[in-house]
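Presented sequentially are two complexes of chain A, the first with chain B as partner and the second with chain C.
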Partner chain A sequence: MSAIPTQWSRVQSYLPGQQQLTRWLKQSLLSAAGIAVFVLLWQLLASQITTSLGSFPGPMQVAQQWSGLVAEHKAEKAREAAFFQRQLERNTATLAANSEAVVSVRPYNGRPTFFSQIFTSLYTVLTGFVLASMLAIPAGIVIGLSPRLYSAFNPLIQLFKPVSPLAWLPLVTILVSALYQSEQPLFARSFLVSVFTVTLCSLWPTLLNTIVGVSNISPDLQNVSRVLQLNWLTHVRRIVLPSAVPMIFTGLRLSLGIAWMVLIAAEMLAQNPGLGKFVWDEFQNGSSDSLSRICVAVLVIGLIGYALDRLMLQLQQRVNWDKSAQLR
Partner chain B sequence: MTQPYRKTSRLLLALGLSLSLQAWAAPEKPDLKLGFIKLTDMAPLAVALERGYFEDEGLYVQLEAQANWKVLLDRVIDGQLDGAHMLAGQALAASIGIGTRAAMQTAFVMDLNGNACTVSNAVWQQIAPQVARNSAGKPRYPVAADALQPALAAKTKQGKKLQFGMVFPVSSHNYELRYWLAAGGVHPGFYAPQNGDNSGQLKADVLLSVTPPPQMPATMEAGTIDGYCVGEPWNQQAVLRDLGVPLVTNYDIHTNLAEKIFGVSQSWAQRYPETHFHLVKALIRAGHWLDADNNANRAAAAKLISQPFYVGADENVIANSMTGVFAYERDDVRETPDFNVFFRYHATYPYYSDAIWYLSQMRRWGQISDAKPDSWYQDIAKQVFQPALYQRAAKALIAEGKLTAADFPDFSAETGYRPVDATRFIDGKQFDATTPNAYLQQFAIGQKD
Partner chain C sequence: MQKPHLELSQLGISFPTPKGPFVALQNVNLDIAKGEFISLIGHSGCGKSTVLNLVAGLLQASAGGVILNQKEVNAPGPERAVVFQNHSLLPWLSVYQNVELAVKQVFRGQKNKSEMRDWIEHNLALVQMSHARDKRPAEISGGMKQRVGIARALAMQPQVLLMDEPFGALDALTRAHLQDSLMEIQARLNNTVIMITHDVDEAVLLSDRIVMMTNGPAATIGEILQIELPRPRNRIALADCATYNHYRHQVLSFLYEKQRKVEVLPKADAAKSPVKPAAKAPAKAPVKLAAEEKRA
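What follows is the complex of A and B.
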């Protein structure tokens, strides 16, 4: 019978305590108040500003455009269905005329909607980010372990770190079109341009933080490794990586944030598919809905950036051995 | 009969059947991505897609808006785009190495006319008192460029010059703006590529510079430029948003010259001749639909291209110029039935003479640094413009009963040159495409040979 109270106390420990509940309630209320004030100010100020495209959109118009974008997405889906229907009819007719004719079903070659642009952007940013991490973490470990290598590479890192994506973009564009020539390209060139630009701009925080993490291993651990005469690979695996993990993840989180910002800029300038191109196209449209639609995109870009950051934070907390560390 | 032999004979039979049904081959490359700039004259592409003309030809086309003419051309050259809505001058200039060098071709003209020159409200206020007026007290359009004198003088007093935007150094807009300015005695400036000067501002009274079409109104609103020459809807946008006043349409500057073309790279055209043929067929039908029954479909076309993924401007702004009227001011809307032409006057046929006019303007303003013999102009025109492919596509459409011979020029008598009196110019000069050098002699401002 004694098992029940123990279990109950375990359950209780998972429930938020009275104090926690109040704190959580207070925080949510404050966040809601902040958002409410922002929306109110936005509504008030927006109606005061007249642009050449009509008055600046308030929250109401932006919400309307959101449903407009959803409707457009649905229309495009309907168009896709109609395309397959037409194809089916055509193929049936061909087969009816000649039962041995070879018919094929073609994929739909549709236009990107707002939602498919979101997907493209996410896919691109994650590819670029993974590529950057795959370069930066190993490089950071090697450089961080050797003070000589560090002295050799540090000037280069400092030189390239502050370069804006807009400066890399023309070089990347030209290089990709010069070097990537294939008959049946696996990736679109525009995709590669975006990915490499994102990689080039976002690998620096991970690289630097990995270097710092690796070079600041506690002397005690270093000594243990030395006494045990661990070989290089085991030293890296058992001693270096675990102690550098918190710093590496700090770097990764910064990198992902930068990657997302860079991607939007790259898409805008290079007209690569994605949210950046959506914003630019709407700017060029200059219709009375354009500003509201750009506002929708801005909010969505912000939300996605926020979600990506939270995701990295969760990861960081999970892998950090120092659970007492305050992460924001 | 052995097995493989039977297979071959069946294949031959199938081939014979398909040949008897169709006298031409299927496109080599059915999936295509075509580029366009957000301008109303991209309409034939949107119409061919939405009305299923591309699909009828076995083509599965994706249309993609491009940021500016330079990006568009580069992407056609490096193969990211199969073809594009392109400036007539772009295909010619690339073929002779002004800017990016790459051999280009076209077998389809997208439209005639459709541009206008607009000045800011500030400039309009300075010149309005001198502008000639009709009996109703309204300005008489087109306004000649000499009317700009007060605005020029005001700028000179400040130690500055008037700034005009045009869309690309080799665009029709650049040449039209220059033609109009020079016809009014205002020097638009020379290019001097032999000295590395590609600004086009040498000896200029007015400084011309490049702004992408959709940004024209915003750039003029910001005060960076005092006026611009651009296609629609960007002049009507300025009128409806009270940013400026159009002074002259390019129909007033010169009537009925090729404006945009459907351009592909020469290597693409050589690789995919049947695809190109089918594309031109679909586009001819789209052009025909746009002008059919006395512009009856124009309102529908305006609605179609006002969607955000095509031109995307407000429908009423687009409809303004597409439906045969043109607003000079909000309350001054005038009839301009030929403001843009998609099919009438054999608009879609690639005339060599139109190519030669553009080449002559490139020489007039120094973009072509040396004098060239008349035969050179003709050789380049024949290299870039491909009426033979157009004729093949047109004949196929006639054979299919989709269009009639009356829709097209008389191909048996066709030389590729418009008659000399087919094009009327604002300064009354005559253009004979067979003698471009003699043509250039006529102008007070400009290189003479």
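What follows is the complex of A and C.
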């Protein structure tokens, strides 16, 4: 008799508890209800608004445009595959006729699709963000450890922190054109302009949070370090960095959020072939589908921003030594 | 006469304030022999921790100095290991790694890898913490953390072990247990120890000498009590021992009769004008002590 309850309790321990399940269910239902209300209101209000490009798109039109964009992407991929297939056949034929012949392999220069633009945006934002972090974390550690450096740099940080990406962009554009002149450029200028603008705008939260994290190390741990006579590098590696990790990650998450927002604006003006350019082109295009397509882009931009934040959170949970810390 | 192992000579410290220097400690003279166990006892704010921090080198004396083996102390170093009041373990390192950090730093170039490992294990065994070597500080109890803190300090093989109220934050049973452990370790290693405590029983049980401090400002050594109880000491046997109780009585009478501390209520304190009536010396003390604590 007693064997069955024990077995059952073992099974139960693997399942989420009853309470947990109801809570999760309740949460999902509420989220779904929120989305449903939003979609309903959107549908109702959209049909009331008439724009120069026809009525404002409702959820249905946007969903249609989404499948349209997917179909376009598939068609483009098929064209690309066909292009390479033709090229290969032509080249093999030429080589079969004359094994000495020089054949050329050309890249496919198709129109970027919505999905390749997403990829470009992600690539650009991550480059800018990594660059910003590589600058901000070491600088933050050095500045945070020295009250003098902090006093020296704090006014500058406060000065540059609130500058809008749109103000940086012309400067960055001119500087990139002046300084990056190469016969066979490794990177497109539009890419570099977007990356540097993202870097300039997104490094501040990481820098400030690193400074705060580093300068607030518990005095007891600093005394431990002094008694042990740790040298500067060991002190930073074993004491300073770990205790500042939670703050550094708070900064990194804020920075990544800003980087993603700035990127869209930067791409619009720098014409980097990403989501920003997609929105801009659709806006300039002004066809009857444009508004729906922009709505698709807005939703995708939001979703990607959310996903990036969650990824950062996962990384934080993995790296942070304090597993009990509440992260949200 | 043989030179003392550790000498506190005319030791004093003052902190600058807007109203001129504030003398926290002055004229502390103490010679400590090798292997001696000294307790510092006194009311809170009397500068016990300041004395310890001066010996540790974490603070700089403004008068006099600390001499260890005929060398003046003016910077912190592992030969004067500190057991901090709140254990101060690095929360991101395991028990083993916490001790390892100290051992790697102190014995770099002297011990090879396996010797270091043995030495860390040995010290963890000494404080009976081998079973929790891979746990993080957050996963062990307060008493265990303090044990690891002691192991880390002992692993530095210090000439002087400085303990700042090591058992102050622990419950009475854990404290008794750790005191017994400390006595055992002390009997085995014969370390020179300076320990700060608030606990009269702890002071009498563990010490060779109890140094009783007067109330600040300008605190100094009031009395020194030699404890001539045979070792090993047993707390249960001593509970009934007349000599033990006599020592206790002497410390208590110093703390609660001669150096009675009158707590001034914050409200009354604030209401007082700068021109205070010339009250008894102890009554004035806490007013300035609050200022001292802020600075420390």
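Note that in this section the second predicted complex is superposed on the first by the 298 of 328 C-alpha atoms of A that agree within 3 Å, B and C clash if a C-alpha of one lies under 4 Å from a C-alpha of the other, contacts with A are read in each partner's own complex, and residues count from 1 in each chain.
Definition applied: a residue touches a chain if its C-beta (ideal position, glycine included) is under 8 Å from a C-beta of that chain, and two chains touch if they have at least 3 such contacts.
Quantities reported herein were computed from a predicted structural model and do not represent experimental measurements.
Participant: Do chain B and chain C fit side by side on chain A after the overlay, or clash?
Facilitator: fit
Participant: Roughly what angle, nearest 10 degrees, sits at the C-alpha centre of chain A between those of chain B and chain C?
Facilitator: Placing chain A at the corner, the angle measures out to 150 degrees.
Participant: Could you figure out whether chain B or chain C reaches more residues of chain A?
Facilitator: Chain A has more residues touched by B than by the other partner.
Participant: Applying the document's definition of touch, where does A:111 land relative to chain B and chain C: first, second, both, or neither?
Facilitator: first
Participant: Pick one for A:189: touches chain B only (first), chain C only (second), both, or neither.
Facilitator: first
Participant: Just chain B (first), just chain C (second), both, or neither: which does A:230 touch?
Facilitator: Touch partner of A:230: chain C, not chain B.
Participant: Using the superposition on chain A described above, determine whether A:293 touches chain B (first), chain C (second), both, or neither.
Facilitator: first
Participant: Looking at the overlay, does A:138 come into contact with chain B only (first), chain C only (second), both, or neither?
Facilitator: In the superposition, A:138 contacts neither chain B nor chain C.
Participant: Which partner does A:302 reach: the first (chain B), the second (chain C), both, or neither?
Facilitator: It touches nothing on chain B or chain C.
Participant: Once the two complexes are aligned on their shared chain, state how close chain B comes to chain C by Cα atoms, in whole Å.
Facilitator: 51
Participant: Quick one: which bits of chain C touch chain A in the complex? Just the residue numbers, please.
Facilitator: The touching residues are 56-58, 76-78, 80-82, 84, 86, 88, 90-93, 101-102, 105-106, 136, 138, 156.
Participant: Chain A touches which residues of chain B in the complex?
Facilitator: Contacts found on chain B: 10, 14, 17, 30-31, 38, 55, 60-67, 71, 78, 80, 212, 214-215, 217-218, 221, 237, 241, 243, 306, 308-309, 311-314, 317.
Participant: In the complex of these two chains, what residues of chain A are touching chain B?
Facilitator: Residue positions touching the partner: 52-53, 72, 86, 98, 100-101, 106, 109-111, 177, 188-190, 269, 271, 280-290, 293.
Participant: Looking at the complex, which residues from chain A come into contact with chain C?
Facilitator: Checking each residue of chain A against chain C gives 218, 220-221, 223-224, 226-230, 234, 238-239, 242-243, 245, 321-322, 324.
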